[in-house]
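All chains are identified by letter, namely A, B, C and D, in their written order; residue positions are counted from 1 within each chain.
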Amino acid sequence: MKPLNVGMIGYKFMGKAHSHALKSVNFFFDLTYSPVPKVICGRHLEPLKKAAERWGWEEFSTSWEEVVKREDIDVIDICTSTDTHCAIAKAAAQNKKHIFCEKPLAMNVREAKEMLQAAEEAKIKHMVGFNYRRVPAVRLARKLIEDGKIGKIFHWRAAYLQDWIVDPDFPLIWKLRKEVAGSGPHGDLNSHLIDLAHYLVGDVKSVMCMTTNFIKYRKLPAEERELSTMLTAKSGEGVGEVTVEDASFVVAEFENGVLGAFEATRFAPGRKNYNYFEIYGSKGSLVFNFERMNELQFFSREEDLEVQGFRTILATEGVHPYISAWWPPGHIIGYEHTFIHEFADFLRCIEDDTTPEPNFYDGLKCQAVLDAALLSAERGERVEVKEVLKGVS
Amino acid sequence: MKPLNVGMIGYKFMGKAHSHALKSVNFFFDLTYSPVPKVICGRHLEPLKKAAERWGWEEFSTSWEEVVKREDIDVIDICTSTDTHCAIAKAAAQNKKHIFCEKPLAMNVREAKEMLQAAEEAKIKHMVGFNYRRVPAVRLARKLIEDGKIGKIFHWRAAYLQDWIVDPDFPLIWKLRKEVAGSGPHGDLNSHLIDLAHYLVGDVKSVMCMTTNFIKYRKLPAEERELSTMLTAKSGEGVGEVTVEDASFVVAEFENGVLGAFEATRFAPGRKNYNYFEIYGSKGSLVFNFERMNELQFFSREEDLEVQGFRTILATEGVHPYISAWWPPGHIIGYEHTFIHEFADFLRCIEDDTTPEPNFYDGLKCQAVLDAALLSAERGERVEVKEVLKGVS
Amino acid sequence: MKPLNVGMIGYKFMGKAHSHALKSVNFFFDLTYSPVPKVICGRHLEPLKKAAERWGWEEFSTSWEEVVKREDIDVIDICTSTDTHCAIAKAAAQNKKHIFCEKPLAMNVREAKEMLQAAEEAKIKHMVGFNYRRVPAVRLARKLIEDGKIGKIFHWRAAYLQDWIVDPDFPLIWKLRKEVAGSGPHGDLNSHLIDLAHYLVGDVKSVMCMTTNFIKYRKLPAEERELSTMLTAKSGEGVGEVTVEDASFVVAEFENGVLGAFEATRFAPGRKNYNYFEIYGSKGSLVFNFERMNELQFFSREEDLEVQGFRTILATEGVHPYISAWWPPGHIIGYEHTFIHEFADFLRCIEDDTTPEPNFYDGLKCQAVLDAALLSAERGERVEVKEVLKGVS
Amino acid sequence: MKPLNVGMIGYKFMGKAHSHALKSVNFFFDLTYSPVPKVICGRHLEPLKKAAERWGWEEFSTSWEEVVKREDIDVIDICTSTDTHCAIAKAAAQNKKHIFCEKPLAMNVREAKEMLQAAEEAKIKHMVGFNYRRVPAVRLARKLIEDGKIGKIFHWRAAYLQDWIVDPDFPLIWKLRKEVAGSGPHGDLNSHLIDLAHYLVGDVKSVMCMTTNFIKYRKLPAEERELSTMLTAKSGEGVGEVTVEDASFVVAEFENGVLGAFEATRFAPGRKNYNYFEIYGSKGSLVFNFERMNELQFFSREEDLEVQGFRTILATEGVHPYISAWWPPGHIIGYEHTFIHEFADFLRCIEDDTTPEPNFYDGLKCQAVLDAALLSAERGERVEVKEVLKGVS
């Protein structure tokens, strides 16, 4: 196995998930590259040191500007807040590092275009962390569609529901501030759904959107002193304004005539990470829910009517995507595997000199739909995705 | 028990369901009125005679104009296609008959207003057949909301999905012709969802809507020669144009700030009568699916976090609405019961001289949201429900 | 339609269910016989009169001995407690009445043999009320087995779980007294499972059984003064001993090599009428749960491994057993339909002069397995069903 | 963090699972010991070398006799076939190594007693790999029982169903040979259920059991040439006899009066790793299914009847056992975590000098129930667990 040195910027939720994934990617026996967790980078020294020790990083650094320039680093893994993606990615590209960047790719279409341009000019490998593409059940959904089992698609019905800010005492963390996060569940959650729709159904043509906000002011968060295993936030002093939407509901027309919906909220009690979609086509239907990520529901019109029904495929067989690296049937896998699978595919692309998917181009396409929807909500009108893409060219 | 003579106009799907219901309404021991299936009315003599014999009607008639005038008739039950509701209801009201009218109430807001005015002037009892209000689990949902178990509501997510016209060979029956049905799944299915939303959540303020059509031409249906137990349609000669939409997706803002969605289609393979809603509020959540109509899912934030979860309430206990008239717990009831419950409540209102719900006013409110949504789809703009209501005053 | 006069003995839970069913059986258009609810029979005059009025019986009587002799009665429908089945059935047979008898057929194998002999000698039609055979999903299960979709069967795993006597204050009704009921959930619930196993899998060869009792003494029930729509029991004065088991768990070997289990209890909180089975065979599997009686789960090994999974068949299509008499797909039916279907088939057998199933012979076979299991529990040994059958010949 | 050197004997399914777990145990921030994958041991050199490289072991060895004696080794981790457990464990104990041993502990009660005695004499820490105790949802079940939420327990209904040998062409691997495995699904699967019952419900008093065999002869397996990521077996030359049962169904009486069942089979198509139990008590009920291992179903009789229902607790909150080391709510974990949790607890016991659970004593108790059941099947009689325990003392 050949070592490939990784420099990771950011050490919180995504930093933890990526650190974990790097440890297990060798379970894919076909890989020749073996990633080395070289240096982890963050702003707060104490939690950073603990992260490095516990998660097995050789070094730590508080300067991403230095890390992206280091000659011994092959890959820059961007796990920071959205507002920093563009600058870090452009610097990494200029230094010819391969880039794995968390989602959403950027704050807006303009930034996304700059990042894509920088990556293409540098001819480096670039990938966006839409990890749900790499759930085995989702990969299987794509295969069934490609195999013609669903036929011509009529509908995409998707929702990404969470409930972690229903409590008014939950503090104003960065994800609730527009200047850092870009938007709320729209960018955080609808972005995943839009990427899945692009992957499974096709390109979005036009959108109509309504957004809303239920809680306008929240306590400021306490400063982070130490790394917690738990990804929780505590309130500190003072109050600030929530500057992102709390929910965003979108109806969409696709280029291929599909009529669809995307609904994202953080105000759905009982839904924890309910990344859910339904696909209906002339030959069959599919249903997926991340909270039961090992399962894919499939309905086929091509069987005898008498025995038609939604079946629950437990996507844990050796024939299912990625599973042969893991456990026997019925021994389900978890969230962390989506990251392991991403890195495995990224390493394969580096080795084979092929193009990763989803890459910065996919990230840009997703951003255009996100921006068009917010524009629709603002105007009270149907907006064409093309308009947004052209607007910044 | 005091007899109450019923004249029913129409003898197909709804005629069958209503005929069945009239037989069992006496199982509610508190009722003093006992409905008598006096006369059934339709256009085609052969199937009409069979319906009368099999379903226990004393007489049959091919003239609704005569039936609504008969002195011995107390109640007119309208089970015909939507385009005929307005004329029959106005005539019945003028003859001082109580009216039970199937949904949607009318072809448009204008007709609905006329019907309401006629009924109010005649001071008769009027009810609209939004039967899903009378599913015990739905009634329980309303009670939990009224009891404050859900708190302030954030979201309504509803879909009514069917698949009976996915087959391109399914013929052009009246439900696919605008001049008879008014609209497609929008009026047929979204009307139910809108009524449920009005019943459970509150009034809709404004809407954005997209509709579409997947199959433009279909074979004309064969003429009906005999009454079939099966509610199926056969193709005949010739081809005609589908003049209603095949699917209608709506996002909505409610007067009370709720952000919601209504999605209706007949192109969702595997969904047979999937009348589904989710309600999310500050204290809890509810989920209902008619295909499992005896169940209500309830999530409460007011319990220890450790044991929070969506529970499936099997609404078959004596304490649940309507159930004490039926079977012991776990012995589930079916679709037909929604009609028995409607008639039981309608009879109670006649006896007690109280106002039935939902009545023609509720039917009008529903019609206004339906019309506003179609206008939004046409304009590509957000439309206020008020605008539509005012437009015909 | 030709009238067929019914005399029903008993007017409580089963009396209500049968009364309801008789009203709707004409919805099966192929039937020529139309049952007439002639006379209802019971011991307590007041509730009996109310039952007759509300459920539409022409007459009532407090003497079953007279009713079974009436010349104008064609069918005797036995809905009384188990201890009275044998005497009533023998008298009815002697008077050449067709007999529909509720389950379990008898108190023991000896009685069951006498009943079968009397019925055969009288050459009347006889049927036992194992109504779950006539759930469309169960009928479909049988069809799939007959069509070879399950292959050679390996396992039958069945449980019938209820919870209505978990409360120690629930009174000592007749079902808890051995001299009236014969046994507890063993005879009441395992009898249904055994009949289903005979119907779907084959004959039971030998059994091992353990039974237990959790509450030994209960308050005596209050005397019945009036007919309640609710099937509830109230406590009165005094205390009595529970003389039946509270739970009975059985493992069984079938004649065809199947290894199976039958588990019945009234001490399973949350299980209301959880009549549940799983069937596993060389080609596929089936799962049924009465609380979702419109659904059958089916797994097939004959598909591509990639898409194998348990599918939920919503058995509400016109092609499914009995459904063409009812509603369109997805409009589910309820518990009461099992009785309508029983009567429809019984009437067909009378008309066609064919043998109903399940009949008294099936009732006897079921009784033999019940008796063998109780003997096994007593002895602490495996018992052959043959031994019990021979013991009373 | 202090290093703790591990020597692992065996490198197949369990070897892979344990290797994976050792990499991630540091994610529990409270641990001071950090396990070092020092030496992996097996019989076949080529696959062994690959396992060592891919899974990160520093060394490999083909002699377990040498490994257990190495001074630098602190822990012996036994992942071999059941017939070798006793010898390896006794040797490891004699060399004062802490022992983690896979389940079932031994071939029979006699061996289990010897292993327990050796471990106790050596005063080392010993643990048995009943990993399902460490599923967060199972741990939560135990907590709810301890907190009194279930009340007095009435029933335990458990089944462990798989389908990997339904295909007659599946070869005769070691798990199908009595001399290596001890027994079939009885020892492999019922052992897990029995351990869970001991953990959650109490001690088993007596059992009645039936076993059976569906396929008597199978092809011999091909010799293993290389390590596969997939845990599959291929057929080679020749045929051999299956000497273990294919299914084992047990009914059981517990010391505390619970009536229960344990059903294990490898002939249940569609069930992949269906480790399932139901617990019914006077206050509530619990249901668990490993194929949805992140969920626990809970029914409480202590709520208003109106809202009672089985709730699905998604055991992924920070308050749930083990979860605080992992991801935010709804981001589910997988099978591999059960092993990480086992090692975390084992390391804590070594650090704190406390007794691990389940240990060799628990392994012995489980073995006694297993042996009693097989004796019951042989004799056709109820067997007391005590008899088996005494028999070898």
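Note that a contact is a pair of C-beta atoms (placed from the backbone, for glycine too) under 8 Å apart; a residue touches a chain by one contact, two chains touch by 3 or more.
Since this is a predicted model, take the numbers as computed values, not measurements.
Shared contact partners of subunit A and subunit B comprise C, D.
In this structure, the chain pairs A-C and A-D differ in their number of contacting C-beta pairs, and the larger number is found at A-D. Ranked by how far their CA centres sit from the centre of subunit C, the chains are topped by A. Between the Cα centres of subunit A and subunit D there is a gap of 36 Å. If you average the Cα atoms of subunit A and of subunit C, the two centres end up 54 Å apart.
Each of residues 271, 299, 308-310, 314 in subunit B touches at least two other chains. Residues of subunit C touching subunit B in their complex: 1, 13, 17, 20, 23-24, 26-29, 50, 53-56, 162, 164, 227, 229-232, 271-274, 290-294, 314, 316, 318, 324-337. By the touch criterion given at the top, residues 154-155, 157, 159, 161, 166, 208-212, 214, 247, 249-253, 257, 259-261, 263, 265, 267-271, 278, 280-285, 299, 301, 308-310, 380-382 of subunit A touch subunit B in their complex.
Within the complex formed with subunit C, the subunit A residues making contact are 140, 143-144, 149, 296, 298-299, 305-314, 317, 319-320.
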